[in-house]
Amino acid sequence: MYETIAFYLFSALTIGLFLITVMSKNVLYAMTSLAAGMVLISGFFFILGADFLGVVQLIVYVGAIMALYSFAMMFFDATRDIKERNTNSALVFALGGLSALVLVLMFAAPIYSENIKALYPMHESIGNAQDVGIVLFTKYLVPFEVAAVMLLVAMIAGIILAGKKMDQSLTEDLSADDEILTTKDAK
Amino acid sequence: MMETLVYIALFAPFAGSLFAALFGMGKRQVFVGIVASALLFISFVASVMLAIYVVKTGTPIHVMMMEWINAGDIRIPFGFVVDQVSVTMMVVVTLVSTVVHIYSIGYMDHDKSFNRFFSYLSAFVFSMLVLVMSDNFLGLFIGWEGVGVCSWLLVGFWYHKPDQPREVNPSISPSWAANEAFIMNRIADLGMLIGIFIIYWNTGTLQYDEVFAQLPYLPQWILDAAAIALFIGAMGKSAQFPLHTWLTDAMEGPTPVSALIHAATMVTAGVFLVIRANPLFAMTPEVSFFIAALGTFVAFFAASMALVNRDLKRIIAFSTLSQLGYMFAAAGLGAYWIALFHLAAHAFFKALLFLGAGNVMHAMHDELDIFKMGGLKKVMKWTYLYMGIASLALAGIPPFAGFFSKDAIIETAFNEGTYVLWIILVVTAGMTAFYSFRQVFLTFWGDERYKQYGIHPHEMYKFVLVAMSPLAVLAIIAGFFQPWFHEFITTLLPDYEMSHHTHELILVLTAIVLAFAVGGIALAYKMYAKGLKRDPKVENSFIYRLLANQYYIPQLYEEMISKPYAMISEALWQKVDLKIVDATVDTIAKFFYYTGDGVRKMQTGNLSNYLNWMAVGGVALLVVAALSAVIG
Amino acid sequence: MENILSILVFFPAVAGLLGFVVDKKSARAYGITVAAIEFLLSLWLWFSFDSANAGMQFVEMIPLIPDFGVSYYLGVDGISLFIVIMATLMTLIGMMSMSIKENVKNMIVTLLFLEMTMVGVFVALDAIIFYLFWELSLVPMLYIVGAWGGPLRVYAAIKFFLYTFAGSLIMLVGLLFMAYVYHNLTGVWSFAITDWYAMVLPVNYQLWLFAAFFIGFAIKVPMFPFHTWLPYAHGQAPTIGSVILAAVLLKMGTYGFVRFSLPMFPDASVMAITPIAFISIIMIIYTAMVAYAQKDIKQVIAYSSVSHMGIIMLGLFAMNAEGISGSVFQMLAHGIVSGALFMLVGMIYDRMHTKEMSKFGGIAAVMPKYAVIFGIMTMASVGLPLTMGFVGEFLVLLGFYEISPIMTILAGTSIILGAVYMLSVLKKTFFGPITNEAVKKLKDLTPLETWSLVPLVLIVIWLGVYPKPVLEPIDNSVKAMLTFMHEKAITPEAKEIIKVPQTIMEVK
Amino acid sequence: MIGLEHYLIVSAILFSIGLVGVLRRRNLLMLFFATEVMLNAVNIAFAAISHYYNDLTGQMFAFFIIAIAASEVAVGLGILIVLYKKYGSLDLDDLASMKG
Amino acid sequence: MLQPINVSLESLNLITLAPMLIAIAGGLIILIIDLINEKLHKSLYVMLTLLILFIDFGAVLGLNVNERGFFDVMMIDGISIISQLMVIAGSMLFIPLALTSKRFHEFEYPEFFALFLFMIAGFQFMVASDNLILIFVGLETASLSLYTLIALHNRSNSYEAAVKYFTMGALAAGFFAMGSAVVYAMTGSIELYQVAEVLAARMSGAIEPVPVIAVLGSSILLMVAFAFKLSLFPFHTWAPDVYEGASAPLAGYMSVVPKIAAFVVSIRIFGMYIDLGVEWVRDIILVLAVLTMTLANVMALVQQDVKRMLAYSSISHAGFIVAALALDTTEGNTAIFLYYALFMFTNLGAFAMLWISRHKVRRFNNRYDHPYEKFAGMIKIVPMGAVVMGLFMLSLAGVPPFSVFWGKIYVMQAAVNAGYIWLAIVMGLNSAIAAYYYLKLVVYMFLKEPVKDVDTVYYNISKPLMAIIGLATVATVAAIFYVQPLISYLYYMISASGY
């Protein structure tokens, strides 16, 4: 019963919030509603018994990612309303609607099968975090490590792209030869 | 021994041609002409020796030189046969050629391309000998084409002359006339080739003897088809209607050429073919009758055009055409030996006539209009004599050669019961006499009109006149050899005897023909002996203009064939090839190019569009997959 | 020397590579020497060739991609032998008479590579190797037309390349399908043509495969309506390019028909007789008329090539030894005659810098030697007996008469129409009064030019008078092929139409 | 009772919302938000399926999606920063120098 | 209660992980070296990268076929080995292109090389697993590195390229995730072998049948993600812009290596679908293939820039190869790898030629670095260069005996063998269309006069680049001699892994 109420509430709220994220002209509103929607999604996780996932969602998304966006927003000075031109709304909404329709139809179909045995079953006896931990550090150890590399890549990428060294482009700096050529062409 | 003679007879002219060709681009060298003539004389001697041999033994000589085309099942050798028919032709050809060669030394003495001329002329003789001596149809075809090319070279000998409007010069230019001759002959040659194909695929061989041996086993329609096809070939070479226009235009060539090729030898090749293939034509009576009818028609048709022509050489050319018609009439009626006899006799007097005309031309500085001549007998006695003899022979006045041969043909027509043909031939004989003597009188008698044009005619060189004498003698006496020839030739050719009924009437018939001939001469005398009297009313009459313009046939060909052909060609090129075929290809290429130009517009550079494309693509994939799922 | 074919193929290529090092001024001498050696090698091939043997000789086989059935597989028979010799000869003669002054070295190197591909196509017995040389031959030709050609050269070169390339890709699909069928039947991959010969295919397969090969070959031949690249290519190409193109490259298409279509798909070939004859007749008549309408002397020769190729195509589908042997012989004749004609046109172009016939007239008087040789070649082109052109044309028409008299009559108009346009060329160019001042100053052929043409004249006459040395090996191979086609044919009509000559020599 | 479909449908709707956002947004930052929405929608689906199959794999996938999202944000923002330095704008309509 | 889990080291089969670890370790080493001394020349890093890749290559060669490791997450089958080998080989061929005579921005970063190695590791993970999670993570590792590498070229075009690629990549990632979710919903698993079993059972009706629309949806969602990666029409839109914006070596690299990895995953996923009898997957791949090769070709026709033309040409080639994917035969799959192996050398050569002719200023055109005019009359300026570039173009056009030809006929043969003759014909015709734009460059190089003075073209050349071009030339020309071992090796590996 609670689950039902919670589900519908959360569903309505997330849909609404994300709609704001997508439709709003104000970056701040969009971001805030995004953050709020993500919090509510973690609520879904809790309903579904994925406690650990819910926590991670809160920490990573609401914490880390939103913080990153906030910094970025400050950098871009994007607090003003944003003007967006050239949007072919009809096409966009038709595509969105169509994809929604297909996805909904697809998911509304009896996709679930009773007869499928879980490969990595959850254990009622132990907590979700332990359960997750066991699978993550046995079966999914390699992806986990790769994800670490991926985060390293992201870190390096973020650092060097935002770094000062990028300000002076060697690709466009003209050496002596280039200048000779340029002057030659100018003649 | 005899084989060597065959080769000597055949290759001596070829050697002469090559010899002359060596000096072809050099300065005029009289010895070139002498050597070529000497070689031809050798060939003539060899031919005569062969003739004697054949007469004596009565057996043909068959020489196999080498293999030529061996492919699939076809075996075509270079083989030569010297039998009664071919040896007759060889003697006639080499004799006339020798005379013409010697004549040419005189006639061409001022020409820059003297050496080249002899090269061509000897090459022609060689080709002609190949034509008559070959033992198979394809060998004959080699000669056939060879004489065609030589004719083309010789007609177009003065290639540097410009094209003129048809009104000024009906033959336009030598090179034009040469091309016309070649192309018209080619049309006929296609027929000839088809005939060869028919023969090959039905008998499996092209050797005369083997082919003729198999003829009785072939169905009639195939025989008819083969005969028709071969006759089409003959029509081209012998300038039968409707492929006759080239012959008169071919008079653009030097006169010795006209004498040799377009009177004595090459044009008779068609007749020769019919005679050669007599077993075939004998088995196809309908075709043969058609040949006879066409021959008769041409005889009359050509004679009619000769009546009003003013051009010395063209008159003779028309008369040649007319005489060829006689020969075909004879051959078509089955009197092959008579046709061959007329062929030989005609060769002598017609060559003589042409050479005489050449003398006149030489004297008149290439003036050919008989209206501008007259009274030449004073300055050109010998020529006058020769041309008189030749004209008498042509007109069929006894005892000249033409009387015997032509009379026999006319009798044959009567004998066969084809009285219509007979009447036409008789009338034509009268017309022949008329136009021959019209020409003689206008040229040699009457007032000296040439003086108005400041021409000082002179007689030809002595040696030339001497060289012409054998022809003159033959034109006179050849007729007396008729019985002897008859006996000789009918060992090979089917005999043709007049029926009893005809025999009884023979004097009457001869008298009728003679009456027409003499009447023609008399009329000519009355009209032209005193000089030229022109009557504008006559000259403007429809008939006169029709005849003078050769029934407008050259114009008709020009308007109906040449011009449309050129127009269609141009249209095919400009409209079809460039605008349709090629344009289609380019359009396909452009289609892709412009598609590329169109499609690249999707590449707007705008990320949002790209994202939309992704979504659209996803949806499209969905549709395709759904369609596929539904259909599959 | 068992591997003489490999030497023949790769000698020019190696020489071409080394040619990069040769000094510019000596390049031409180098090229002529190499081409002469190559020609002598090909003559040697002929002398060591066993004329009585109708099968493949000098066979070499090295597996290259066994998993895919591709091997380096060469051999010659009577059909290909002479085309190879002609290719080497025309390269040599073309180089001798070459008048190009710019980038001679590049031209020489390109020609040598082209020679490799040309020889390669005709000796390859593996379909992939055949295809390889086939395609590769486009590249040097592209360069020759594009670099030394006339004003539209780039357009012409690209058109030539793309058109042929597109066609041959369809053919490639056919080759691949053939290999697939072979694999299905035998379980082995093979692209060896001789292996493919052994396959008896169902008629519908034959038809499809025939169609695929047809497109590739027809564009190369070029058959109507795929011929439009040819006038451009010829019109724009330098003389040497036209010579090689007309003499050798076009033969690749007709050779393809003999090598692939006929023996592999006898039933389909028989079914295709009528349509192909129809197209051939269009080629013969239509292009002859178009040739007549041309103003540019080179275009006349170009279109006449198409017309002659029509004769060759017709002969190939005569399905009897007369027609096919004649057709192969006609390939040689056309190669030499049209090659010579293009050379002649090139010589006048070098002097006059124009190919417009209206600018000429009366050349015979100032250039007699030139006129004589041109005249001889013209006569060979219109098929005068005792020239090379007659033997082939006669045999083709004779052969096809067995199939259809009516069509033969239509095709036979080529002897008339050919005379019409060629004589009109002669008339416009050589005869008549001299109207153009420039003509008066023309010099007759130089000794070099003369001596590069005289051999061709001699060949034209020699093989017209005594074609046996060439015709006999061709005929033997053709007869063997026909016998084999007859046995292979499955439909009764095909068995009936494919005529085995009564005089078959035993295949040793 | 709330079944799997309910969650999945919510997920589908959210995914579509995200898609609409991606398609209509012209500001790159806002566009990135929309991609986050899409990934979050998928996470719901995974968690729900995981729950109903009683299988942990779905949760694992969701973890990794979160990690990926985080990395993407880092790299994406890095690129946006250099871009902004150069163009002074985040509007992708200004960003069409390469086309055709 | 929780039990301690005993995992024996042997059962983990650590060796399966060794190649990727080598690459990652190499990346870290480079980072550490940079920490110690940051003034080192790029050549050091290039050589280090090469060495690391060399070891990596050796490690992959040492793998046994059909092993699994790490709780079956790692999957070392034939295609994973050959694709890893090709990824590494491709990387080894392209990385020396950093050694130009002129300085370009990205190569001055040691991190460039670290990221490059991480990217390779990402690709290796991607291909060495049938677990959608690892595939996804590997894919993202590699992609994120690649976005950064593109942006590091450091000029406005490269940022634009990176943003476009990144954003579309993010959308594709969303699709991939959603597709995986649907797969998971249908089968309760994300490991493909398990997925295949369950799907087979559900589709055959052994257990509850799966709704068709779900199968449809999952395949389409995944297809969109991979069609993006493989740059298939109409998901290719990023490719020309990214190739144009990226430096030439990277563009060349992108046209080969990421696609190989994406193809491996596509073979695994879509091969599974087709094996299950889902014919529409085959159909949509065929439709995509035909559209891609044709439309990319016609767009390439109208390009003014060689690099952009080569971008479209790469798209078209990808369309060509993806057709082989639809065949789902061993030969088809062999064809994919064979084609890329052969295409790699030629493409390497072509892009290397562009790279050596790269100027920092755009001398010929305001927008393009490599407009056709730049190569006009190249035969007169650098004859050897023109000949070599001409060879590459002919090879790309599929003129025998150059390398791409063999790939082409193998693909076409595979199509013919699978009964898709029309497809082979379409491929043939497309090759003909494609020949035009390759020829256009040949025409410019050989048949036109230079537009400007002669010192234009070989501006950026250096010995290592010449060596690489020489290598590419030899490999392009001599393809006929190594095609046989290549085919037999590839065919063996692919049939051994059951594809």
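Think of it as A, B, C, D and E in the order they're written, each chain with its own count starting at 1.
What we mean here is this: a contact is a pair of C-beta atoms (placed from the backbone, for glycine too) under 8 Å apart; a residue touches a chain by one contact, two chains touch by 3 or more.
None of the values given here were measured: they were computed from a predicted structure.
Asker: Which chains make contact with chain B and with chain C at once?
Answerer: Chains that touch both chain B and chain C, as defined above, are E.
Asker: Can you list every chain in contact with both chain B and chain E?
Answerer: Neighbours common to chain B and chain E are A, C, D.
Asker: Per-chain Cα mean versus the mean over all protein Cα atoms: which chain has them closest together?
Answerer: C
Asker: So which chain is the furthest away from chain B, centre to centre on CA atoms?
Answerer: Result for the farthest chain: A.
Asker: When the contacting C-beta pairs are counted for A-B and for A-E, which pair yields the higher total?
Answerer: By the number of C-beta pairs in contact, the winner is A-E.
Asker: Taking the mean of the C-alpha atoms as each chain's centre, how many Å separate chain A from chain C?
Answerer: From the centre of chain A to the centre of chain C is 68 Å.
Asker: Using mean CA coordinates as chain centres, what's the chain C-chain E distance in Å?
Answerer: About 44 Å, centre to centre.
Asker: Per the centroid of Cα atoms for each chain, what is the distance between chain D and chain E, given in Å?
Answerer: Between these chains, centre-to-centre, one finds 25 Å.
Asker: So what's the Cα centroid distance for chain A and chain D, whole Å?
Answerer: 4
Asker: Identify all positions of chain C at which a residue touches two or more other chains, and write them in rising order.
Answerer: In chain C, residues 162 touch at least two other chains, as defined above.
Asker: Taking each residue of chain B in turn, which ones touch at least two of the other chains?
Answerer: 589, 600, 603, 605-608, 611-612, 615-616, 618, 622
Asker: For chain D, what residues touch not just one other chain but two or more?
Answerer: Residue numbers touching two or more other chains: 4, 8, 11, 15, 18-19, 22-26, 32, 53, 55, 57, 60, 64, 67-68, 71-72, 75, 78-80, 82, 92-93, 95, 97-100.
Asker: By the document's touch rule, what are all the touching chain pairs in this structure?
Answerer: Touching chain pairs, listed by label, come out as A-B, A-D, A-E, B-C, B-D, B-E, C-E, D-E.
Asker: In their complex, what parts of chain B are in touch with chain A?
Answerer: Answer in residue numbers: 606, 608, 612, 615-616, 618-619, 622.
Asker: Which positions of chain B touch chain E when the two form their complex?
Answerer: Within the complex, chain B touches chain E at residues 589, 592-593, 595-597, 599-600, 602-603, 605, 607, 609-611, 613-614, 616-618, 620-622, 624-626, 628-629, 632.
Asker: Going by the contact rule at the top, pick out the chain A residues touching chain E in the complex.
Answerer: Per the stated touch rule, the residues are 102-103, 105-107, 109-119, 125-126, 130, 134, 138-143, 146-147, 149-150, 152-154, 156-157, 160-161, 165-166, 169-175, 177-178, 181-182, 184-185.
Asker: Once bound in the complex, which stretches of chain E touch chain D?
Answerer: Where chain E meets chain D, its residues are 132-133, 136-137, 140, 144, 147-148, 151, 154, 156-157, 159-164, 166-167, 170-171, 173-174, 177-178, 180-181, 184-185, 188-190, 240-241, 244-245, 302-303, 308, 367.
Asker: Name, in rising order, each residue of chain A that touches chain B in their complex.
Answerer: It comes out as residues 86-88, 91-92, 95, 98-99, 102.
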